[in-house]
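In what follows, subunit A forms one complex with subunit B and a second complex with subunit C.
Here is the complex of A and B:
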């Protein structure tokens, strides 16, 4: 399976009468996009706004972030099972509007969403402050049940990203990156002397706002399985979750999974990157047992020498993480786990809800309880009302002058457990 | 830069008063640097000046801990120093405990920066590593030169209120305090590098050493549940509608205590969840799903249990530090005992 990603750098987004990509500028016909999204009967109103790097803008409550992409050649289309029909993606050519993103916002449950600041202290912690963001704010029809509202907002984000991505179908890419995974036996023959490395990607699957979808299937329903790394780059996995905002994988993270990128960069040099095993983080013990058993068995079946395991979320999923680690290590396969920490505001508490001596190689995305101070912004996109109630805020987090004192948890993507950021703790 | 004023704490041996035969001497003050203080003074150069040395016998300190410490603190405070250096104690156990206790008290009670040095196995390390910077030294005074060269730069930083780097950078024993920082490499790259080293059998350093977990042994089973007073305690965030105590949706700073006398069913009009870490829809529809008041009232009527305790306790487990949870559990446990509760049903989410 071989995929070429064509990068088209985007420097700015502007509203215009015609949607198009011109040089490094992305022009958007606002009304055309609003009309497209309003086709969903669940949606009452759509607002579209632009947030640029360095602007004094706060976006909240953030739901998802999605990178605009388009399939140029190869089977299937972007976001199979949602925007495109179900067909295997991950080969051929895909164009990417690099530097642009769709951000969805809307008050869903009241306390489950995140903050993206485009400047100041908060901007240091979120990767999305460096992007030109098209923000889509969706209000539902009256009395729409919360689960249905979440779904409508999720689909609106994907559709908006697809709409923007399609503008780049005929544009010549500035850079082309090629990723290839050989079939199992061919891989063994090509790299007989290199250690065989796999990636166990844990997907959040705990319920409303804690779901992830694979080719349209709710990840709660899957057994651990193999997926080609390039399939993720075409949107085979999308996010349906956001809380706590700091350590949930947005769709943008799935499209740009850094573990996959960094394993590919060593592929054929210091290691043989065999493939990705996806597993879930269900709430029932039987599911945890079953999924970690299957995951360890797949690792053994692939004759792996080493595995990187990435977590999503914290607390309850710490048990899935440790079960995966213990069972894979017990097969004689070396592991490194990527997690984040809840060590208390003072940093003095134990960081994880589960632990085992087998987890002797840990990468951390930082302590999500650490308190940060965010300056006031000139402009709010979305609604500031939820700040006291979102995970990481408290009564009084939002000060009358517009400044915010809260835990790092509130920042979208701040302690990402795919290792997307440079943040760590010691 | 202003020259810092330093007081040095030593035991009877290093203060050149005597060996074990002098271990029972009470605290005394000497002017300027003494013994190892000479090496410290040389290393401080013009940056700092050791104005006095306080010496105390190891046996005296450990046998008269409270009075000795009070006496030493008074003597130190009289010099109004900017910094207090204790030891280093190497592997001397009683001396290590004294150095840790003095440094810790200077920091907490006098609000003056303090530093000490010890060998990793000194009993003073376990007692004081989380409260003071203890530089890791060799196990005997043969390591004095190294200890001084490690302690002096860190001591100056502490005294000047400068940012302190990680334990491995600065040479102190990890304090167990987690602090965020931006690494040169992103996390995924660090993971790949760590895995390559681990697979090759090369040394690697984990970013988070696994903690030791408390394991709680379950109490003996209740002999006759039909006579037992049962209480409900939850980390699932069930609160009266409106969340009157403002319990946070994550990283709870408190727990709530709520009266359910006369309540036989938690409904959507009167109860809800404050928890931000799970799908709240079903808990808000019927909070009995998390806190089963309805079924316990039924059991109470049927005589299956003795009674349901008048109050339930609730906090939010989501993102709440283990140390906070432990504190709430102790407070709740004391109240339950005082109320004569025989058994508790703990529900999570």
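Here is the complex of A and C:
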């Protein structure tokens, strides 16, 4: 399976009478996009706005971030199971509007969360402050149930990203990146002397506002399975998750998974990247046992020497993480886990809700309880009264002068457990 | 058996499952679960389900086995004891507008999320 990603750099987004990509500018016909999204009968109103890097703008409450892409050749279309049929994706050519994103916002519940600041202290903590963002704000029809609102907002984001992505179908890419995964036996033969490394990608799958979808299937209903790393680059996995802003994986993260990127870049040099195993994080302990058993079994079946495991969220997923780690290590396979921490505002407390001696190689995305101070912004996109109610805000966290004192967990992507971030302790 | 302090969960499931309704806090639910687990009930759902932190939502619902088992294993005990430790850690960071002190509108949303997480477990 071989995929070429064609990067089309986008420097700015502007509203215009015609939607098009011209050089490094993305022009958007706002009304045309609004009319497209309003076709969903669950939606009452759609607002579309633009937030640019460096602007004094705060977006909140953020639900998802999605990169516009389009399939140029190869089977299937972006976001299979949603915007396209369920044909297998991950081969051929896909064009990417690199530097642009769709950000969805909407207050599904009173304690909704997620801040993206485009400048100041907060901007340092979220990678999305570096992008030109088209923000889509959806208000649902009156009395629409919360799960229906979540779905409408989720689909609106995907549709908007598809709409923008299609503008790039005939544009010549500035850069082309090629990713290839060989069939298993050929892959073994290609680099027989390098350690065989796999990636276990844990997907949040607990229920409303905590879900992830694979080819349109709710991940809580899957058994752990193999998926081609390039399938993710075409949107085979999307986020339906909007609780715990700092350590959820947005759809943008799934499209640009940095663990996959780094494993590809070391493939054939220091390691042999064998493949990706996806597993879930369910509520039932029996599901956790079954999924971690099968994940470890797949690692053994693939004759892996080492595995990287990334978590999503906090709390009971810590149990899934440690079960995966213990069971894979028990097969004689080395693991490195990627997580984040809730170690208290002083950073002194135990970081995870579970632990084991087998978890002896840990990468952290940071301490989500760390207190940060965000300056006031000139403009708010979305609804600022959410700030008092987001995870990691507290009463008075929104000060009268517009500044915010809150824990790091309010910021979208701040302690991401794929390591998709700019800050480090180095 | 469902142990819960969420009236929405009680109202929805009391006719189809055994429900032990706790007039109390999130921690009171965890303690009731612990007491049942120590006499041999098995823990079915993770007591920290969902991404809402124990210092945010005041509601908690946990499913355990109806029957007392002769050999329940240590796993259930380890998980519930660890959950109580985590709860107490977060309780030290309780916000004045959260947990039991949250506004009625926010509490309604917390009840709905707790119910929906349980629904997606039971109805899957």
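In the analysis below, the second predicted complex is superposed on the first by the 421 of 426 C-alpha atoms of A that agree within 3 Å, B and C clash if a C-alpha of one lies under 4 Å from a C-alpha of the other, contacts with A are read in each partner's own complex, and residues count from 1 in each chain.
Here is the rule we go by: a contact is a pair of C-beta atoms (placed from the backbone, for glycine too) under 8 Å apart; a residue touches a chain by one contact, two chains touch by 3 or more.
Quick caveat: nothing in here was measured; it's all calculated off a predicted structure.
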{"item": "Three-chain arrangement built on subunit A, subunit B and subunit C clash or fit", "value": "clash"}
{"item": "Partner chain in contact with A:187 - subunit B first, subunit C second, else both or neither", "value": "neither"}
{"item": "Partner chain in contact with A:114 - subunit B first, subunit C second, else both or neither", "value": "neither"}
{"item": "Subunit A: partner with more touched residues, subunit B or subunit C", "value": "B"}
{"item": "Subunit B versus subunit C as contact partner of A:305, first or second or both or neither", "value": "first"}
{"item": "Which of subunit B and subunit C A:244 touches, first, second, both or neither", "value": "both"}
{"item": "Partner chain(s) touched by A:6 [first = subunit B, second = subunit C, both, neither]", "value": "neither"}
{"item": "Which superposed partner A:419 touches (first subunit B, second subunit C, both, neither)", "value": "first"}
{"item": "Partner chain(s) touched by A:344 [first = subunit B, second = subunit C, both, neither]", "value": "both"}
{"item": "Touching partner for A:314 - first (subunit B), second (subunit C), both, neither", "value": "both"}
{"item": "First, second, both or neither for A:258, with subunit B first and subunit C second", "value": "first"}
{"item": "Subunit A positions touched by subunit B in one structure and by subunit C in the second", "value": "109, 111, 146-147, 206-210, 243-244, 283, 314-316, 342, 344-345, 349-350, 353, 369, 389, 391, 394-395"}
{"item": "Subunit A partner contacts - residues on subunit C that touch it in the complex", "value": "43-53, 56, 63, 75-76, 79, 82-83, 86, 89-90, 92-93, 95-98, 103, 105-106, 108-110, 112-113, 116-121, 124"}
{"item": "Subunit A - residues contacting subunit B, complex", "value": "109, 111-112, 124, 146-147, 195, 197, 206-210, 243-244, 258-259, 261-263, 266, 270-271, 283, 305-308, 310, 314-316, 334-336, 338-339, 341-353, 355-357, 359-370, 389-395, 407-409, 416-426"}
{"item": "Subunit C contact footprint on subunit A (complex, rising order)", "value": "109-111, 146-147, 204, 206-210, 220-221, 243-244, 248, 282-286, 288, 313-316, 319, 342, 344-345, 349-350, 353-354, 369, 388-389, 391, 394-395"}
{"item": "Of all residues in subunit B, those that touch subunit A in their complex", "value": "130, 166-168, 176-192, 194-196, 198-199, 204, 206-211, 213, 246, 248-251, 253, 276-281, 317-324"}
